[in-house]
Amino acid sequence: MCRPGLIVSVVVASLGLLSSAYAQSTVYMPAVLELSGSGAVSGTNFRDGMILAVEEINAKGGILGKKIEMPLLDTQSEAGIARAQVQKVLDNNPYVVLGPVFSGSVLTAMLLTQQAGVPQLVGGEAAAITQKNNPYVFRTSFGQQFSMPKIANYVRDGVKAKTVAVLWVNNDFGKGGRDSFIKEMASRDIKVVADVSTEAGQADFSADVVKMKAANADAIFVYLNEEESARFLKEAKKQGIKSPLIGETTLLGQKVIDLAGDAANGVRGHVGLTVDAPIPAVKEFAERFKKRFNYVCDHNGIKGYTGIYFIKYVTEKMGKFDSKLFAHTAHGIAVTPKEEPGILMEATWDQNGDVDRESFLGEVVDGKQKIVQILPKLGK
Amino acid sequence: MNRLGIIVVGAAVIFAIAVPFFLKPFGIYLISMWAVLTIAAMGLNLTLGYAGQISLAQGAFVGIGAYTTALLIQAGWPYPIVFISAGLLCFAIGWGLGYPALRVQHHYLAFVTLAFTTLVFLVLRNEEWLTRGIYGISGIARPTLLGWSTANARDFYFFCLGALTVIAAATWWMLRSPWGRAFIALRENPIRALSLGLDTRRYTLMAFAIGSGLAGLSGALYAPLVQFIEPNSFALGLSFNLLLMVIVGGGGCFFGPFVGALVAVLLPEWMRITQSYYLMVYAAIVMLLLAFCPSGLLGLIERVIKATRGRRGPDGIAPNAERANP
Amino acid sequence: MASFIQLLVSGLATGAIYALIAVGFTLLWQTSQTINFAQGEFVMLPAFFILSAMNWGAPFWLAALIGIALSVAILGLLFKIIIVDPMLRHGVLPLVISTIALSLFLKESVKDFYSSQAQPFPALVPSTDIHIFDAVISTQSLAVLAVAIVTVVALQVLLNKTRVGRCMQATAQNPTLARILGIPTRRMVLYTFLINGVLVAVASILVSPIYLAKFTNGETLGMAAFVAAIIGGYNQVRGAILGGVILGILDNLSAAYVSSQYRGAFPLLVLIAVILLRPQGLFGRIEERTV
């Protein structure tokens, strides 16, 4: 038996593994995102938000005189590939790594950026991300440990519920949200009468709706991904669920509304970031985004956009490009729209990398998300 | 193995030892992954290539090995014991699964292993108290052996390469032993083997169990390589990937898994621009190979060489005479 | 009690879908020893043919016909000629692996060339809800049930009452003998593939409005088809149908009354139990194995 193929493969392979260095007059900030696969919508929104910010900044001369260089790498929505891609970009000494959005991918990649001492700006919302003592990770939106207290307050004060049923998707996103939510319910003396898990990609929700109906709770908290949310809402309407359906950003998003049709009307919940916010800066951003990319962005677009401006602000504060000093400077920093208009809404980053901002209570009315109330920052 | 084969393998070994010095950490990570996956693919090759049984559980066994390793390392057990435990545990589970499953007809093992993989995934995800559930286990330390720390990327690669060499040698020896010869006879002509008094089921079961054990060893290396494991990595996707690797490389060829794993690890890199199409191209390659050359890439190379050698007719041997396959 | 009936009714509707897919799977297995691991993807794909046709301006009824035609041509005829015939020469094992590779190929192709996002799909019948004994069932689910029953009855008639059907059965039971008796076995086998092409297209049209057209649909549907076929008895079309319905109801009941985290495990445990204890399935015949 001959194995010349083995040698040839290895030779050609190693040629493919060598890579090039980057120019000195730019700052290298690679983006590792879900550009295909199940996370493609989130990843592409996040990417486009960042691209808009980068174009605006580069048009004005860049950060501290250096233009931003942001090559895009696709994780294909898989944690293993995300890890490999982050490993790849770390070989080229980036200033900051951007993304991923999926919590599972973030958790995998975080170890590498921490080892390398490179700050990582992520879109993931799982609580665990900022609970690992990693000084280099920074969120672009609320972690579940920030959004859940707000929702819990609404359940207690707005809906005035004494009992609640929880429906969640059994992945890191859903489980993390469910764990945080249950904790918040316990501390507010609200009883959880049903705790039902569902599978990602599940199509048949009749059993779950039956269980929700049987639980007869004052409110039902729904924490699923977009398609599953739509399917659940349709089934819930079909079987005539009476309790109010409460959700978090995803449940009130346009995608769910489009897929669920009028089954989405009446859904209420907490919305962290939305282009429907009654804030002029956000509305102007939404206009610019729509003009540049020809579609309406979701909350991931806002995450990406404000994230880049956050990096700009911190860097200008330091006066130089220093990855390790970035981590030190960014903890505890507050960025206001007055100092940096690109941040759109005032935001503070704490010692764990969590971000705190105003947020909103929304309701789906006639097929559109309507903002009913603005909630203040948790901290301050 | 003929002289040319020995030269090729020798050159490959030298190459494998030299190459990490020319690569960045990402490249070293890739070739470490290649070494780890080759071990799992070798195991599957025993089951699929030699014994002719379709197993879709190889990924699950890698997962069981990886989780065992991660939990035991974090409980403070010394690595060599952990390594062997992972292999033995998977061997035992493989035996237990195969015993009843191989009683039934050929194609049913595929479905049983399919169900098993999904069940393993569910257990890994739901039993938080044991496996930390969906959040996975992070911060898995790389072992220190006799004072040599493998924490560095290059050191860990050599560790993987060493493990691969030892395991490959053991497997090669096993296949050359009387047991191994009987086993191969099984594949060539199962009815004849039966008539000679060989217990087909016994051999097939051993092959499946050993194959699963090898997957466990692969998992024991996978966990410290990636340093963060979660249930999703060991679902059906990995089993399919390993299956494709064995086929592409050449089922039933000893070095098939090496080539197959190399293609699987490097194909996404070669297709850098159209990276998300990689799996589609991979699947297409497999279908084409199966249609035209079921013995995989190695079989293809072999045929080409036979064709050219046949024309030239070296050593005065008539062009149509063929040498027996090892 | 009302909820139990609801679960039963919903399970029946889901089970009807599984039955439809399992029937095609069983048919292929029976007549040509083809274990089609890509059956789930075969059901996922026609929906995208239809969506593409609609994107080019065709009205739904025309797009549906185009979808069925393409399904028969590609998933029936081409599948047989390009993949099954060459592979069968090498044995059942390469064919099974080939269909595994095919399932990956189809899934990734749709993801890359169409979209990775779920697409809304127009329903055959407008969705209104009907109340039966305190349970609610949608007209869509009833349509699925109706079409499934009609299809199965038609298939049974075809197989048992027509000459062609009986030739197909003969080919399934003993191809050599059938050939000796003058039955054009290759054509019979071709017919089963074409029938499967129709079945998966119909299943696709029925399923996609509820599930939404998505490239990952094949995974769950395929698995359900295998489980249903094996539980019911892979060598009897009747068995596939009963297997599908049992599976649908079992699924729903276990999700409601047993742990919801392990909802996926129940059907799999039943599958393993059936394979180990009664390999021919609950309603199948014991097959004689020739050496």
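Per-chain residue numbering starts at 1, and chain names A, B and C are given in the order in which the chains are listed.
The rule is short, and it goes like this: contacts are C-beta pairs under 8 Å (C-beta built on N, C-alpha and C of every residue); 3 or more make two chains touch, one makes a residue touch a chain.
In this text the structure is predicted, and so the values were computed from the model without any measurement.
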Hey, which chain ends up farthest from chain C, C-alpha centres compared? A
Which chain pair racks up the highest number of C-beta contacts? A-B
Rounded to the nearest Å, the gap separating the Cα centres of chain B and chain C is 33
Approximate Å spacing (C-alpha centroids) for the pair chain A, chain C: 38
On chain A, where are the residues touching two or more other chains? 36-37, 170
Give the residues of chain C touching no fewer than two other chains, as numbers and ranges. 111-112, 261, 264
Name the residues of chain B that each touch 2 or more other chains. 125-126, 276
Interface residues, chain C side, partner chain B - complex: 35, 37, 82-83, 86-87, 90, 92-94, 96-98, 100-102, 104-105, 108-109, 111-112, 223, 226, 230, 261-262, 264-265, 268-269, 271-272, 275-276, 279, 289, 291
Going by the contact rule at the top, pick out the chain A residues touching chain B in the complex. 1-7, 9-14, 16-19, 35-37, 74, 76, 79-81, 83-84, 87-88, 90-91, 104, 107-108, 111, 128, 132, 170-172, 175-176
Contacts from chain B onto chain A in the complex sit at residues 1-2, 4-5, 8-9, 11-12, 15-16, 19, 22-27, 29-30, 125-126, 133-136, 138-139, 226-228, 230, 232-233, 253-255, 258-259, 262-263, 266, 268-270, 272, 275-276, 297-298, 301-302, 305, 325-326
Show which residues of chain C lie in contact with chain A when the two form their complex. 3, 6-7, 10-11, 14, 111-112, 116-118, 120, 129, 136, 138, 210-212, 214, 216-217, 219-220, 251-253, 255-256, 260-261, 263-264
Quick check on the complex: what are the chain A residues that touch chain C? 36-38, 40-41, 170, 196-199, 201, 203-204, 206-208, 210-211, 213-214, 227, 230-231, 238-240, 258-259
